[in-house]
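Labels A, B, C and D are assigned to the chains in the order they are written; within every chain, residues are numbered from 1.
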Amino acid sequence: MAGTAGETPELIKVHSGAVEVPYDWHCGPYWSRFFRGLRDEKKIYATKCPSCGRVYIPPREVCGPCFARMDEWVEVGPEGVIEMFTVVRLPYTNPSTGEPLSVPYTDVYVRLDGADTSLMHWLDETDEKKIAVGMRVRAVFRDKRTGTMHDIEHFKLI
Amino acid sequence: MARRTAIVGIGQTYHCARRDDVNGQELINEAVTRALEDAGLTMKDIDAIVIGNMDHFEAINYVDGWSVDGSGAFMRPIMKLTTGGTSGMTVATAGYYHVASGFFDVVLAIGWEMNSSSDTTAAITTCCQPLIERDFFAGAIGPLAAEYTAYIKRFGATEEDAALVSVRDHNNALNNPHAHLRTRITVEDVMKSPVLCYPIKLLDMCPRSDGACALIYACEGKAEKLAPRPAWVHTIAGSRDFVYMGEPFQHEELITLERASARAYKRAGITDPLKEIDVMELYLPASTTGVKWMESLWVCGRGEAPRLIREGVFNMDGQLPVNPSGGPLATNPIGATAMIRVGEAALQIMGKAGDRQVPNVRTALATAFGSCSWSDVTILRDTKP
Amino acid sequence: MAGTAGETPELIKVHSGAVEVPYDWHCGPYWSRFFRGLRDEKKIYATKCPSCGRVYIPPREVCGPCFARMDEWVEVGPEGVIEMFTVVRLPYTNPSTGEPLSVPYTDVYVRLDGADTSLMHWLDETDEKKIAVGMRVRAVFRDKRTGTMHDIEHFKLI
Amino acid sequence: MARRTAIVGIGQTYHCARRDDVNGQELINEAVTRALEDAGLTMKDIDAIVIGNMDHFEAINYVDGWSVDGSGAFMRPIMKLTTGGTSGMTVATAGYYHVASGFFDVVLAIGWEMNSSSDTTAAITTCCQPLIERDFFAGAIGPLAAEYTAYIKRFGATEEDAALVSVRDHNNALNNPHAHLRTRITVEDVMKSPVLCYPIKLLDMCPRSDGACALIYACEGKAEKLAPRPAWVHTIAGSRDFVYMGEPFQHEELITLERASARAYKRAGITDPLKEIDVMELYLPASTTGVKWMESLWVCGRGEAPRLIREGVFNMDGQLPVNPSGGPLATNPIGATAMIRVGEAALQIMGKAGDRQVPNVRTALATAFGSCSWSDVTILRDTKP
């Protein structure tokens, strides 16, 4: 009989390999228009609440505080202000690829001109001594755009 | 001890195989907006929210978080619940608890799913231990198919008995404007449809749908003002069983449904469910379960279900209509499916079921099924408990 | 401005590719002993409840109905009876690989001799006319075993 | 209206970086068994169970299902809840609701996580919309790090202020036999530890732990018999905010904690929390939050937290001890972490906190944090509400 008293039995651990499941995500009309704006016009579109007047980026159907439907579109950016930032130095697994992310890179929260919320994106500077809250930045668009957040390559300090 | 609580509003989205026209949050908002309209309320009237789905079907976790604007949860208490196929009723139950406890007066419960985001059967297999049973599981279909082979062997039931259930539910759905599948079918159509997992064929099995449902629960004192005929919650009972699929109790009867429904009947003072219940909305994921599980609802003895089904007892014009809405065989946005059962039962009580209305409904029962073999039961009435 | 009235705007759908995340699963002492039994002895070990006497396969720490800890190990099988079965003909994605599973194959629930619960596994027969509830079957072990459920290749009719 | 309810039993497992010696179910059983022992109960006394974790951290969904034997849920009602980092308190809250509603007398709440099963930061990023923010998110660490850059800019706080919090919590953990990390550290150690996401360094951030916690809630009438000094639940309040990370309200204060704690104080009749609360167990995932979020708990004005921290007000010998257990910086089995806060607060009320006991605790507060920026607050007292 396996595992009699006194023995130190082997404990088994199983590595899954990658758990892979493909997904399709629907963007719906709001995100679709936002992505079309990036791809086709190199412009950043936001929605404006008819009730409180806040301008939301990324654009969306409903203003949470007002529970009001938004139908008005406005252009924001492409410049804005760093509201906060972090330089990421910890490598972790990119869940979209299963591969480690290469570090360092900088995540930045940009309050685009004309917007009341901030857009998360990358900044092309990873020395924290050269970055400060309040600095102005500008979106750099890629030449080849496919209708995703990465149609903006990153933001740069100006 | 619990505060009396009723359902006063129901909202269902347009359900279909692919809702490409909305993202998840917008789908949720569609159900919420319709439920609020149905109850004549605005979001300001909602004290708390409960929501649920199967996160990994969409690979976007924490719907309670990312849907806040669309669900109306901004600065409100919200909880997410997920219990597999039973999720929709778990969420409904939690909505009921929120009000019955005395903490909140008016509570919104939301179930939803964007099934078209992934391979549903693959996603369902992840409920099975990967090291032990996952490779032998085949999602929801495999075990349901297997258990019917045992039932056939024991009681002489046939594949045609299951087909009769499929025909009933599919054809009932013709009366339901919210149903996903609305095509008239025959027993021959079912028998000729492709085998998915023997003995379950394509038309024996529920589809995958995109959709959402929202219910509004209100306390005594408010419910009567919000609805001319609220659907009062009389009892909710749930039962869960073993960890592994190959357990001793689950193959020839659905022990969890037997125990949950017996408990619910006792609490509601029901001794003869076939006579005393006016309509049932059952979570039947496969037509085979519409045969085998009727016995677990105590409407007949062991092995007697095939005869009752052949006699049409559960048809719209029978003694106890089952699934006037068409049930999950017609519409199956998984995280919403069990909530739709409760919502459809409530519509029957409230007299708002339109072309699928059963006359004079005073007592309605809804069930949910999920996970290994879990069951929930809700009993609603037009009178206060 | 993108998406003016009257236009039928493009709705964007994004395919994730495979969402890949590697996992490590711990087997703990019960499954580890079970897997060691398959791998090292070609034997199937189960646990027995001291309170109700049920013999559980796969083995586990706790008897659910009794909430009692199980410390007694017994050997079950390698023969048993088909309690139920299904022939799977619907292809779906294997979540462990992201690839479609090849069909048909047969899932079988085997009540192993000496056990009170059934073990799920494969049967090497996919013609449902040749399979019946109640038939006797036997576990076929692989020559090369690694300590997983697949140390049993499949069950065969006897 | 709600029935008076108290915590009467607490069970924690051995917490460490890798519990290779158990599978998930066995880990859960360890906490359950200890909680039952602590309350002097057997599983027969338990009427219902609530459980929660982050399924995708282990890639095995539906813990409510596959853990049934170990959790004791066989043929009992069970619910699974998941709300991100707040899960443990959401589960505890649901346990409380189950009893307060009058439906169940004695209820078991379980939080657990086997963090070593996967890359926690990768798993956490899946709470972010994959199409919009996921690539810019860096799990729990990134946003917490970023918000401290804004706080530094606005109020002149320093990285050393955060390090003082880290030193306090790590060194408190030396008194807690359940703590995962038990090493004495200094401010210099923190400042010299590797940067994870600027300005957060390794010793500023919680570890990943394997572990579980279970609480037992009992109704008035039973609670007094089960515990000489039950921890009575006075109020629970939760608040949730926006969908996206870049929203207007969350960067310079934690609005959800401000609103939830204000609501909780009002219900509990607390007007000066610094004086009227005897101990706090706070869900501080990073030392930086132990600076910034104190203001959101109304114990000081805006920008004043650094001064109070430098003065040692929240140390074990200060006016308001925070995290005698060491908090999440010492122990972080994510689905259990928030429940451990409630359990540790209850131990302080019950006088069973051993070497980490604060003298004469009459009122204790626990918090939870998760998702975008969500907050839950629980207030316990030694007297009935």
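Operating definition for what follows: a residue touches a chain if its C-beta (ideal position, glycine included) is under 8 Å from a C-beta of that chain, and two chains touch if they have at least 3 such contacts.
In this text, all values refer to a predicted model and were calculated from it rather than measured experimentally.
Of the two chain pairs examined here, C-D and A-D, it is A-D that is joined by more C-beta pairs in contact. If you average the Cα atoms of subunit C and of subunit D, the two centres end up 36 Å apart. Each chain gets a centre from the mean of its Cα atoms; for subunit A and subunit D, those two points are 28 Å apart. Centroid to centroid, with C-alpha atoms defining each point, subunit A and subunit C lie 39 Å apart. Those residues of subunit C in touch with two or more other chains are numbered 11, 13-14, 16, 19, 21-29, 31, 60, 64, 93, 95-96, 148.
Multi-chain contact residues of subunit D (touching two or more other chains): 20-21, 25, 56, 59-60, 68-69, 73-75, 119, 122-123, 126, 130-131, 241-243. Viewed as a contact network, the protein chains are fully connected, with every chain touching every other. Residue ranges on subunit C touching subunit B, taken from their complex, read 11, 13, 16, 19, 25, 27, 31, 54, 57-58, 60, 64, 83-90, 92-96, 107-110, 116-122, 128, 132-134, 148-150. Across the complex, subunit C is touched by residues 20-21, 59, 119, 121-123, 125-126, 130-139, 141-143, 145-147, 149-150, 152-153, 194-200, 241-248, 251 of subunit B.
Residues 1-3, 9-29, 31-33, 35-37, 40-41, 43, 45, 73, 75, 93, 95-98, 147-148 of subunit C touch subunit A in their complex.
Residues 1-3, 25, 54-56, 59-62, 64-69, 73-84, 90, 93-94, 97-98, 100-103, 126-130, 237-243, 256, 259, 371-372, 374 of subunit B touch subunit D in their complex. Subunit A meets subunit B in the complex at residues 14, 16, 21-31, 60-65, 67.
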